[in-house]
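What follows is subunit A paired twice: with subunit B in the first complex and subunit C in the second.
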Partner chain A sequence: MTADAPPAVAVDKSQDSAPISGVRAWLSRHPLAAYALRRFGLYLIELWGALTIAFFFFRLMPGDPIQTLIQTLQQNYIYNAQASAEIIARYKHEFGLDGNLLTQYVVYMQKLVLHGDLGPSLINYPTPAQTVILRALPWTIGLLGIASVLSWVLGVVIGAIAGWRRGKLGSSIATNLSIALSHVPYFFVALILVYIFAYSMGVLPARSAYDSNINPGISLAFIGSVLKYGLLPGLSIVIIGTFSWILSTRMLMVPILGEDYLVYAEAKGLKSWRILTRYALRNCYLPQITAFGISLGFIFNGNVLVEQLFNYPGLGTTLVTAIQQLDFNTILGVTDMAIFSVLTAVLLLDLLLPLLDPRVKYWK
Partner chain B sequence: MNDVPANVLEIKGLDVVYSTNRGDVQAVRGINLDVRRGEILGIAGESGSGKSTLAVALLRLLKAPGKVTGGSVIFNPAGRSPVDLLKVHGEELRVLRWSALSYLPQGSMSSLNPVMRVHDQFKDVIVEHAPDRKEAVGDMIPRLLTQVGLEPRVARMYPHELSGGMKQRVLMAIAVALEPDLVIADEPTTAMDVTIQRVILQSLADLRTDFGVTLMVISHDMGVHAQLVDRVAVMYEGQLVEVGDVRQVFKDPQDPYTRQLIESIPQVGRRAS
Partner chain C sequence: MPMRILRAVLRTIRNSRRLAMGLVILGVLVLVALFSPLIAKAIGGGQDPIELAAYDKWQVPGPSHLLGTDQFGRDVFAMVVKALAVSLQIGAIAGVISTVVGVIVAFVAGYKGGWIDNVLSTFTGILLVIPTFPLLIALSAYAKNVSLFQVGVMISIFAWPFAAKTIRSQVLSLRTRPYVDLARVSKARDLEIITTELLPNLLPFIGVGFASSALGAIFGLVGLEIIGLGPGGVIDLGQIIYSAISTGALTLGAWPMFVVPVGLLTLLFAALNMVNIGLEEVYNPRLRGVAGE
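Then we have the complex of A and B:
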């Protein structure tokens, strides 16, 4: 996707202009490093662009967050008096809402880049938004990260075998189940799982992320509790995720089976397991790596519905609460987080793919 | 071992059909043909005459809806007992492949695995069928590549770094790596420019001298047969219309179709009309 990117560092063309400086000479001798540098530069530009757009986009949101905050404070602490203009001005300053849009933007970016500061959160005032986000992040990464990796591995393996043995009974079952189930929403499966395991059988908890009677910490009881509470939300994501990976892997696999090099491998008299792994799978898993990287980026949004349903304290739940309360610093922070993770995932993929696929070469 | 049968392959009454929903189409009809040890046998014929179907049926690579409906193909590999190629299955067939019966596909087609180095595509077939030569692989590959006129460094390259002619040579080198009894070459020079064709044909002829293999060359191009083969078999609509010494066939074709094929070779000074 970045093959046509304008070269930030011109490497080859400068040869004829007599003396080339040390850095350029070094870069022309190390095309991979030059490519990585150029790609990283592009990444920074993308990041800046996306964060800027997100900032201005959220400033277009209707509603007055300061009024909301003051109302909340009044409800909580029973303020009698009307908020004075002085208090409003102070809050506006603290939330970065004073001055014109451009000043606000400059202040926001300065805080973000220099201090990693997203500004105070409204719902948890005066806790900064980044603290709120970082508190939720491990839960989301733990739940969705593990579930995504698991469903990718299962899906690619089962999908490859289903494609390899197409026409056989087991393969037909896997394929048809995938067609039927891969687009069922996560939360629907989650509801069914909750009904069976939590409501009817009562063996698994359906709410929260751990047993509140156990103190969070590195203890066997706590880890066990986290795993137990994560089972149902995790399972609902793994089941559906696996089916959609099965379907897409099988779709990539079937045309490869008709390729000349597979016929050739068969004529060579290689064992079929070797043909499957070295010839078929090696040619079909590469697009799935790309797709996986992109999907990994998106999990940082949190799976809103699943987290809400299970009352899981991840980013999704944080985002929903923040939207309800017009907590714009947190909403923007979660968005920034998503932008950062998607772009970083794509960057890592672009750097990784040339190492996995010999045909991919961005540098010359 | 002293009385190795004179024929590597004896095809008797071979029938191949393709099933369609409007009935079967007979692609190969009752072919009887012997392949003599050490010869280069050409199979000629126009597109759709059944020559490629014959090749894939012999190699047991025929896929549905293709189906062999009759006949026998007795294969006599040196040092092994004769087998009917149409009746071996599974492991027995897999062991026979490459060490006794190998295949040279069209080089312009993507027969090489795009994500494996040339070296590894030699190695897997050698290790599979001759595990005792595993240690020698490092010497074997450069030698084989040199023999088909490639530099040993080609071994480290990926297929996309090779030209069509180079790919064809790599395929040739892999085909003879285990000194098989019979190599079936399907259109080995098609889609190559004429100068490369000439060189490839010479290399194919050298394979016989260097490795003592028997070659069966499928080609629609009568010029290929004229330059390369000892005997030529002409197919038309699934049947053999003529088999004979290549000089004899060119000098005095018995069948009117063979005559047309020979006349279809473009010649300098004669305009197509």
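Then we have the complex of A and C:
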């Protein structure tokens, strides 16, 4: 009886792999592709979920913005009752407000997905909201992209060293400073920087994104002015961002220091610097890449106020202006854009991770 | 049971200087906030020091007005003390609401597992990752004349996922512990296991969840005030900063109007963060490698 068992297992195996459909077999032979597909599916679900939450959130809000809009329209356009009804109906249609909530939702999603259309902006009518948003987008991506990557790199490097040299004076200063400052909102630092560099010393500009005397374009003068004007808003994000990355990297680093492979590396006689960069750091920057993606939404939140403070022509300022003027298509558009950017960045980072981390094998 | 918890709390505090320091700073701030009506009365000497035109406006700091007066002739010191109370209140309201919601979601998701966990975790994950501040700004822009409590509720809509995430990962690690299995095989009901086995061990993480959502809530309200969208009728620290910026107080020599609220808030953030990190440091070794995060 026992002799029969091995062949039975072998038969089972061949049955397992042979009859399943071609797609499945291909996927099980390409685990990375399967992972990428599954991750992309999750991305689509998340994106759909987030956009839906945002849509219903704005349409179901107490103190209905749409009603206010209609009232404004009525006040502005009611010359005679007959025409007004027609005009209101026409505007409702233009802004995607006719029909019940579900119809509005379907129409909105259809326009968004098929044509990338966010509906007309109210203040800049008839300019579509996506034009307004795309005009602001490069500024935010530039400012936020550089500032968040820079603070991540600085924070991970300093944090790793602080964890490595724990117990030393420099390390404990860095750690305690990070604990005190890592949750301070960006705009506090921004306010202080503005006070010191713009008001007291008058060396750096505190408003706008470039010198209005210089024509925007690809020229040295313009790029220099963009950098100069971006310095203070960028710096306020970098300072606080660096502190919070220092803290979390240090927390990842300290338990790693007790691992056997580090003891082994040390016993092998490797230089301490090499152990830090090749052995320890590699194990704490990888989780930080995932954390970077997750933090982007939070960074965007803080950035709204920084942009507003500096009157920086990015998405944050666009959003606040739109809210003040009840431009609901733009408000929803900016939110959608932020959601899309953050989720896409997280997706790209997740897809990048298997390339950076040989341990990550997505077999499941 | 309460004594046991109290003793555990005391032991935890003794183990971490950072936690103790955070709690002391927090305690002092709370005391100042609690006594704010008395302090204000003492400053006013019979009259209300934060009434409009109580004194001359834009007085520089001096013996009669420690921090000077603002654009309406209100005593800045009294204003700051009262505003601190409001800021702490919002932190407490939103912190409690989001912690309660977070705990419930975390328990349902983490303990029950399966598709409920999948749905709830995905939902929590979405709320964590997407930028929610635009939603909060918009909500407060349209909801005019809201009370402090309503603002707290609004803010906690966006703050609970932070608490839920922290607590869920701990529930996941705790429910596979031998003593929970033991309780399960001895036919304890789910609710019983949750209240007697899981909850006491989760208290530090519930504390972390509370501290981080309170942090987020205070930050949220200050953020709203900075763009002039806070609740009407109350003055919190953010609003003093806002009026300092919008009136150009710094150029008029009224620097305390800006520096003191910013300093106090930074201190508050630092204290809450110290509590957070202190708790995590004390409890992490036990959990390292189990929770997976």
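The definition used in the following text is that the second predicted complex is superposed on the first by the 306 of 364 C-alpha atoms of A that agree within 3 Å, B and C clash if a C-alpha of one lies under 4 Å from a C-alpha of the other, contacts with A are read in each partner's own complex, and residues count from 1 in each chain.
The criterion applied here is as follows: a contact is a pair of C-beta atoms (placed from the backbone, for glycine too) under 8 Å apart; a residue touches a chain by one contact, two chains touch by 3 or more.
Here the structure is a predicted model, which means the values were calculated and not measured.
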- [ ] Give one of first, second, both or neither to describe whether A:G314 is in contact with subunit B, with subunit C, with both, or with none.
- [x] neither
Open item on the list: Contact-wise, after the overlay, does A:G333 reach subunit B, subunit C, both or neither (first, second, both, neither)?
Closed with: neither
Task: Partner chain(s) touched by A:L343 [first = subunit B, second = subunit C, both, neither] - done: second
Open item on the list: If you tally the residues of subunit A touched by each partner, is the higher count for subunit B or for subunit C?
Closed with: C
TODO: May I ask you to decide whether A:A267 touches subunit B, subunit C, both, or neither, giving the answer as first, second, both or neither?
DONE: first
Task: First, second, both or neither for A:G241, with subunit B first and subunit C second - done: neither
Open item on the list: Applying the document's definition of touch, where does A:H183 land relative to subunit B and subunit C: first, second, both, or neither?
Closed with: second
Task: First, second, both or neither for A:R278, with subunit B first and subunit C second - done: first
Open item on the list: Let me test your reading of the model: by the given contact rule, A:Y199 touches which partner, first (subunit B), second (subunit C), both or neither?
Closed with: second
- [ ] Touching subunit B in one complex and subunit C in the other: list those residues of subunit A.
- [x] none
Task: Contact footprint of subunit A on subunit C as seen in their complex - done: 18, 122-123, 125-135, 137-139, 141-144, 215, 219, 222-223, 226-227, 229, 241, 245, 250-251, 258, 262, 265-266, 269-270, 272-274, 277, 280, 288
Task: Complex contacts: residues of subunit A adjacent to subunit C - done: 42, 45-46, 49-50, 53-54, 57-58, 61-65, 179-185, 187-188, 191-192, 195, 199, 247, 251, 255, 293-294, 296-298, 300-302, 304-305, 308-309, 319-320, 323-324, 331, 334-335, 338-339, 342-343, 346
Task: Residue ranges of subunit A in contact with subunit B within the complex - done: 259-261, 263-271, 274, 278-279, 282-283, 357-359
Open item on the list: Under the stated contact criterion, what part of subunit B meets subunit A in this complex?
Closed with: 59, 61, 93-99, 102-103, 105, 109-117, 124-125, 128-129, 158, 160, 174
